[in-house]
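What follows is a single structure, written as structure tokens, with notes after it.
The first chain written gets the first letter, and so on, giving A, B and C; residue counts start at 1 in each chain.
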Amino acid sequence: MRTIQAEVIGNKLEALRKQSPLVHNITNYVVMNSTANILLSLGASPVMAHALEEVEEMAGLAQALVLNIGTLSPAWVEAMILAGKTAHKKNIPIILDPVGAGATSYRTETAKRLLTELPVSVLRGNAGEIMACAGVQGQTRGVDSQTDSLDAIDQAQAIARELKITVAMTGKTDIVTNGETTYLVKNGHPMMSRVTGTGCASSAIVGAFCGIGDDPLSDTAAALAIFGFAGECAAIHIDGPGQFWSNLLDELYKIRPSDLPGGVRIEKHA
Amino acid sequence: MRTIQAEVIGNKLEALRKQSPLVHNITNYVVMNSTANILLSLGASPVMAHALEEVEEMAGLAQALVLNIGTLSPAWVEAMILAGKTAHKKNIPIILDPVGAGATSYRTETAKRLLTELPVSVLRGNAGEIMACAGVQGQTRGVDSQTDSLDAIDQAQAIARELKITVAMTGKTDIVTNGETTYLVKNGHPMMSRVTGTGCASSAIVGAFCGIGDDPLSDTAAALAIFGFAGECAAIHIDGPGQFWSNLLDELYKIRPSDLPGGVRIEKHA
Amino acid sequence: MRTIQAEVIGNKLEALRKQSPLVHNITNYVVMNSTANILLSLGASPVMAHALEEVEEMAGLAQALVLNIGTLSPAWVEAMILAGKTAHKKNIPIILDPVGAGATSYRTETAKRLLTELPVSVLRGNAGEIMACAGVQGQTRGVDSQTDSLDAIDQAQAIARELKITVAMTGKTDIVTNGETTYLVKNGHPMMSRVTGTGCASSAIVGAFCGIGDDPLSDTAAALAIFGFAGECAAIHIDGPGQFWSNLLDELYKIRPSDLPGGVRIEKHA
């Protein structure tokens, strides 16, 4: 098989909408609203909860746990650990978005700690962030990466093997790899980087797909392809980022399995 | 009188825009921005403040206090209690939105504690949340209810009587009752559940109307009818939730008393 | 020179887009998302970080630091001080937005403390907030000012001289003064006060312009003129605040130096 068939991706999308998985997000303040709206538009059920008093119970209700360190602080990191341990016991997937890893030591160390203490299924970030998580001196500036992610296939694979997880290194082309099999997702649009929270949203969507699937590698590739394709559709006939964001929610809501053949562009890396 | 006349609701709306009540929200991170925009679009003045150092003073400036436990944590709960005590002294209405009560013990217990320690005027939630507040085993899943709220009129009335408050149990039909008189608000649109924070926004709008009125029962029914009607108007000619949200703000801004006859649908329950 | 030439403002805009300055925001929960989107639309790079563990390092990466007390609490204030000291060492501009100063003692005292302990470059607020920062009994109500800012030119100048900073007192006409030279920025649209966070967004834009410039006075006037002009363009053909917000992001994205002559309206005050 040279790729993931559009039909397979369509089936995942249908299953997601039927099951409407509860995705527990412990995420940053900037994107809480936008992440919730992205998940609702797609057909998933978002919940945000960070109190030590309830994260275990909430994670226990969820089909996926998404941890995002975009505006981290110590109490939130402890909550992530607690929720993650429940996710582990319940065997639901944990997605880690190491926002800004490499930019500050606190973010880098926290991302590494979460990867060490929790059985993360998918690590989704840009090239600089992923490399920082693996101890490679990256080029993170603030929360944006300066690295062309295509140069980084080998490194993504090595990191996936070392950490025994699925790595989703997103950029112009998204690299999704478990260290053995690697997919290149070529969907997406430059306008996605002109609105805040699309990276975080992609991690949440990965959470939703992994929450209803059983193969993090193909679930992640499917999630990123659908999100990128929705972004392409949303960028048609727009004046700027305001209209784009509104369209992006609409496209995630409207997208149907029959739209996917000819729409999603996933290649298996030789 | 078989219902609340559209003219009465129109008068409330005019009064709200004239007075632009300051609504102090101690609410969740997800909906702070959207709640502020909803209130501004309608013509009210939102303020968010949660520090123990200032909540009493801020509540002292407000015409209504809206407490929302959507992303609660201990310090925020203490702030809610403090602000609520000021609201009590000043005799301004307190609206409680028990987001996710029933989903975790912490939320259920916190909602109950707020109801016990503060003279809440209006409890606004979905059926599962309201029942959890009253100790009824509900069916809350995450922050979404699975109960058809129409089945719950008797329970809503019983809870209102027991707690001596106005209960607004929202769903396909909204039940607004003080235990003696009950209104059924039949406005609204399914798309409202495809954007985050519409429930929270409805609580804030209830706060704005109660802040300028003196009858929580009819003020709450009016608020929910206007919000639901705006939702119906916003759902015309849309592609999805992105456009819907933008339209919803526009409709709240544009809605005029003369639009209400034939628009708002409130029935008095026999 | 009777004003700041449109060409000069256009050059600043071009420089901003070329350099895409990293603007470190320690801001309130309500506007984190909207502020990030405003900065991205304009062409700057936002980052939000508030943990004591990382604010020094993050401020050290930034070209400007924007402090906003809209939902302050003690730990955040300490973070502002820490980040501000790094900004001072690095000689990057600090912009202070004293949201709600005058409404509660905690906000007033915090704003004063930040002004005392940090070398703030620009103080951006409405008339009531600015006067509260200077110990003048203002008329702040919640987070909205009731003062006509044009009456306040003398006071703005006196405050700028006393604090040795640039004061940007925004309202129908924006007063930008370092105590010696004063510009009146006459751009803007009433609809800007019907969406939340435009004041906060203006402070962030001031941060972006100051981050790439070396003259806080003209950088601030340019920032406010461009933002106000974008607001005017965004208000054409709209139904309400929802469409306005979307347009505002689009206009900031589309605005070109060639649009500025005849668009920006800055007068030098005699």
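Simple rule for what comes next: a residue touches a chain if its C-beta (ideal position, glycine included) is under 8 Å from a C-beta of that chain, and two chains touch if they have at least 3 such contacts.
Since the model is a prediction, treat every value here as computed from it, not as a measurement.
Chemist: Between chain A and chain C, two touching copies, which fits better, same or different residues at the interface, with half of the numbers shared as the threshold?
Modeler: Shared-number fraction below one half, so different.
Chemist: Quick one: how far do you have to rotate chain B to sit on chain C, C-alpha fit, nearest 5 degrees?
Modeler: Here the rotation carrying chain B onto chain C measures out at 120 degrees.
Chemist: In whole angstrom, how far does the Cα centroid of chain A sit from the Cα centroid of chain C?
Modeler: Computed from C-alpha means, the inter-chain centre distance equals 33 Å.
Chemist: Among the residues of chain C, pick out those that touch two or more other chains and give their numbers.
Modeler: Within chain C, residues 29, 32-33, 245-246 contact more than one other chain.
Chemist: Spell out the residues on chain A that touch chain C in their complex, using ranges where they run on.
Modeler: Chain A reaches chain C through residues 28-34, 70-74, 100, 103-107, 141-144, 193-197, 238-243, 245-246.
Chemist: Along chain B, where are the residues that touch chain C in the complex?
Modeler: 22, 24, 29, 32-33, 36-37, 40-41, 45-51, 53-54, 57-58, 61-62, 75, 245-254
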